[in-house]
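Here's a structure for you.
Lettered A, B, C and D in written order, each chain numbered from 1.
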Amino acid sequence: EGGAAVDIKALERLVEFQIREGIRGLIPLGSTGEFLSVSPEERTAIVETVVRTAAGRVPVLVGTGAEDTREVVRTSREAEALGADGVMIIPPFYSVPTLAELIHHYDTVAKAIGIPIMVYNNPATANVDMTPEMLAEISRIPNCRYVKESTLEVTRVRDIVALCGDRMEVFAGVLGYESAWLGAIGWVAVCSNLAPKLSTEMFHAAAFDKDMDRALALYRRLAPLLPWVGGPRYVSGTKAGFRLMGMDMGNPRPPRLPLPGADMPRLAAVLQTMGLLAEGARQAA
Amino acid sequence: EGGAAVDIKALERLVEFQIREGIRGLIPLGSTGEFLSVSPEERTAIVETVVRTAAGRVPVLVGTGAEDTREVVRTSREAEALGADGVMIIPPFYSVPTLAELIHHYDTVAKAIGIPIMVYNNPATANVDMTPEMLAEISRIPNCRYVKESTLEVTRVRDIVALCGDRMEVFAGVLGYESAWLGAIGWVAVCSNLAPKLSTEMFHAAAFDKDMDRALALYRRLAPLLPWVGGPRYVSGTKAGFRLMGMDMGNPRPPRLPLPGADMPRLAAVLQTMGLLAEGARQAA
Amino acid sequence: EGGAAVDIKALERLVEFQIREGIRGLIPLGSTGEFLSVSPEERTAIVETVVRTAAGRVPVLVGTGAEDTREVVRTSREAEALGADGVMIIPPFYSVPTLAELIHHYDTVAKAIGIPIMVYNNPATANVDMTPEMLAEISRIPNCRYVKESTLEVTRVRDIVALCGDRMEVFAGVLGYESAWLGAIGWVAVCSNLAPKLSTEMFHAAAFDKDMDRALALYRRLAPLLPWVGGPRYVSGTKAGFRLMGMDMGNPRPPRLPLPGADMPRLAAVLQTMGLLAEGARQAA
Amino acid sequence: EGGAAVDIKALERLVEFQIREGIRGLIPLGSTGEFLSVSPEERTAIVETVVRTAAGRVPVLVGTGAEDTREVVRTSREAEALGADGVMIIPPFYSVPTLAELIHHYDTVAKAIGIPIMVYNNPATANVDMTPEMLAEISRIPNCRYVKESTLEVTRVRDIVALCGDRMEVFAGVLGYESAWLGAIGWVAVCSNLAPKLSTEMFHAAAFDKDMDRALALYRRLAPLLPWVGGPRYVSGTKAGFRLMGMDMGNPRPPRLPLPGADMPRLAAVLQTMGLLAEGARQAA
């Protein structure tokens, strides 16, 4: 199973699909990108492919989180050398680092590169929670310009804005719609893999047009998709969706398993209702 | 900092110290062994050194946990080839695997090797909690003979014994004394790095001699050391202790930082009271 | 200490203050109203006073939560008889009831009265969490027309709206601003005791005018007050604020203690900045 | 339903059953005694009945926890006047008191009575967690001689013993067997209502005889009963068990519901295996 190589053609197609549908940025090798299941050579190929295909049309941030600070330095430098516009870095996810260790980790990487860092707070996977007070400290590291905030407490956005000022800008993780009303300037969404257009329009309607009626209507259209690309199946549900949409991206890699076949009809029904099956067919054509 | 190579001489000395003091087994490359901060070459050297130095006097289990199942297979096979008696495997610690994924992960590794697996449940670092009910399923995989149970709920030991029968035997993680009274047959302790003799005698007095008075007295002698080798400083406190005892093992590797210098006098006082400073001096002589 | 009787004059003054400042409803005997520290006679006097003083200008809902279902029936009937427009009922807060017990509890009360029930979800004090799925069941009880949702997960509002339809409307508990954008039609705030005008205007700007710029600016003005009327000091901070504003409402009752004197200057500074000290002086004059 | 009066005859029978079976103490009006669902008159009758029936053969502690400190004073004084040997007091369970408020609460009650207080830590119902460090402070109040520790972290017993010395002695709440090995001198068990003899013998074998083989064997005999008198059904399961054993104690009071009828056969099977059905029949004869 896990012997399959990275499908470069499929990756190029995905990048084109995203940009054509209006996405504002790309983040290869995040959690949904299964960054812990690729070899160093595959990592290089993925970054090179995305940067080359995006070709400056949208910014590319590369996920370079790892447990070992030295490895983060190495892959972040590589990302910069390959033309990335920034890196997204989840904290060390095994050792439960202290604040001093987090600052040392981010500072070491920041000094090694010349592109901005998006600090990524996701305690549900990283096992360490960077509170707004901790982020206020981390935001004093010059390159740490952005934070992706992925807890379910939307008041964190309020507090980060209040505590970090213009040193650090907030991208929502899971709560795109909700965070928009509190000052988030972007949304790093899992659902935008399958539904880039709807996701982008929804966030824009809220964060920039400040049009609640339109944004909430779009959010309610998106909502049925969310359980399929969240919780334990953000990878398997995304992969299954692409297959149903005619843009096969292969199976998850170990230790992840594909979405159980018995779940496929319900996911297909959701995608059908949202108009994404036809969409996918058009894209694939 | 992290450029320092593994100190093979210090590792040989540590193995000799442990065996001379009565330890019943060795587990290199566990969490305290900073298994996520070593290169593949360093890993090989560590396993080779421990197996060679132990020379069959005590069993050697090698920590081979990793996020990617394929990597666990590779390092577990290597451990077996180098003469290890078993492997200790923490589940994938980033993806929050489902039970089906856990079973697939352990089963894949079990089929690839001929030595036993100690399944390691430590939700505080691995971010997934294998309950006794889940372990009962995992225990049906032939090679999964042992579990290291590292939550703070000691009733887990009772329930694992009841649900797994003789398919899976329990080693305590943190709660050595407490687990002994519920049927644990071993204890994988952090404190035993610095205090192998006291740790071994305490667990033996409880689990095998069933002598509460003696075991509790030994536990109370050990207790002051526990906060120094637990929580966020199990690595830094252990390294600092070895330095104070005259058996320098170097500093933690990134992302970890050394124990703050200001904490050293209090740790030294604890080691002094326990008689470990003199012990260390004797060993080092 | 706790021997002091209820200060009816101060309560009348508070009701007048609230209505004059634009509040849209009143809920005596909620948590901030220390409903578990009043005698049955005091309860009657409080309800009678608030209903009489409000005199139909705004709706009055009475907090009638209790552990024993029979007591909730008794006090809810009394509230209806005294002219209340509805009751707010926190679930039994000691026994950790099952869903079946919750439904039985609310259904028993609903059948005993003819006014609507606002179901109150506040797991931080009630120790039982009524999830949106559970509320969907409870919303089928005819009188259970409203829910006050007081967790920190604002997506609950989204899910309650989706699952309960028009059977149950949502009032925010703590997250007034955030919930407005998801369809909450009201906000039961602690901060509105001290700042009724600002709280009301903020929620209205968000929920009904859908004016993010204005609402967010008002929210940021309110924000410094929130830590003083939240967490462990929602009663003591509110009481202290009224004293500073010249509208003394006495001390908290047992088991609560007054806000420590050392905290008063910082609270006074917050109220000063918000213009509430002058406001209070004007009201008191 | 809830209209039924307290069955004094059944209560006398229960006290006789407990003492005849070897119980070492009685605690009426605890959580299993549904202390929040009795009227003041019923409370008086219950205390009077238990004290009179016990007649000095075993100590009687009365549960007098309440949210309002003044009520705790009143019922604790009443308990003392009626001949109780002590009181068991859960902290205020709604307001989430601070440490200062907890100390004020217990100190106020302690000064009002001349009998000892068993402080009762049960965060799962009381919603406030008195850690060993907090209990060390509370243990300085002269009358607070005992603590009933009801978390699942058995190391709390170790830490309370270390921090409180002989100022405060520990009774286990849920973890009777486990706590015995750490120095608990008693066990306030729910299962001892139905199985007083087995529960008493098990705890004695561990705590006083220090006989692991015998104690663990008894514990394993008790274990199947535990899920039936724990979690959400400690009251309903206990009531159902008494009915099956021929010692009907009536149904739970609101808000609690009886154990679902569908569960009765499985509970009966457990009681049968433990020999408690025959036991009950003998007692009832």
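Criterion: a residue touches a chain if its C-beta (ideal position, glycine included) is under 8 Å from a C-beta of that chain, and two chains touch if they have at least 3 such contacts.
The shown structure was predicted, so the numbers you read here are calculated from the model rather than taken from an experiment.
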Taking each chain's centre as the mean of its CA atoms, the one lying farthest from the centre of chain D is chain A
Take the average of all CA coordinates in chain B, do the same for chain C, and state the distance between these two points in whole angstrom. 51
In angstrom, rounded to a whole number, how far apart do the mean CA points of chain A and chain B lie? 35
Just the number, please: Cα centre separation of chain B and chain D in whole Å. 39
Could you check chain C for residues that touch two or more other chains and list them? none
Name the shape of the chain contact graph, picking from line, ring, star, complete and other. ring
Could you list each pair of chains that touch, in label order? A-B, A-C, B-D, C-D
Taking the complex as given, what residues does chain C use to touch chain D? 2, 31, 36-37, 67-70, 91-98, 100-102, 104-105, 108, 124-127, 232, 235, 253-257
Contact set on chain A toward chain C in their complex: 152-155, 158, 162, 175, 177-178, 181-183, 206, 210, 212-213, 216, 219-220, 223
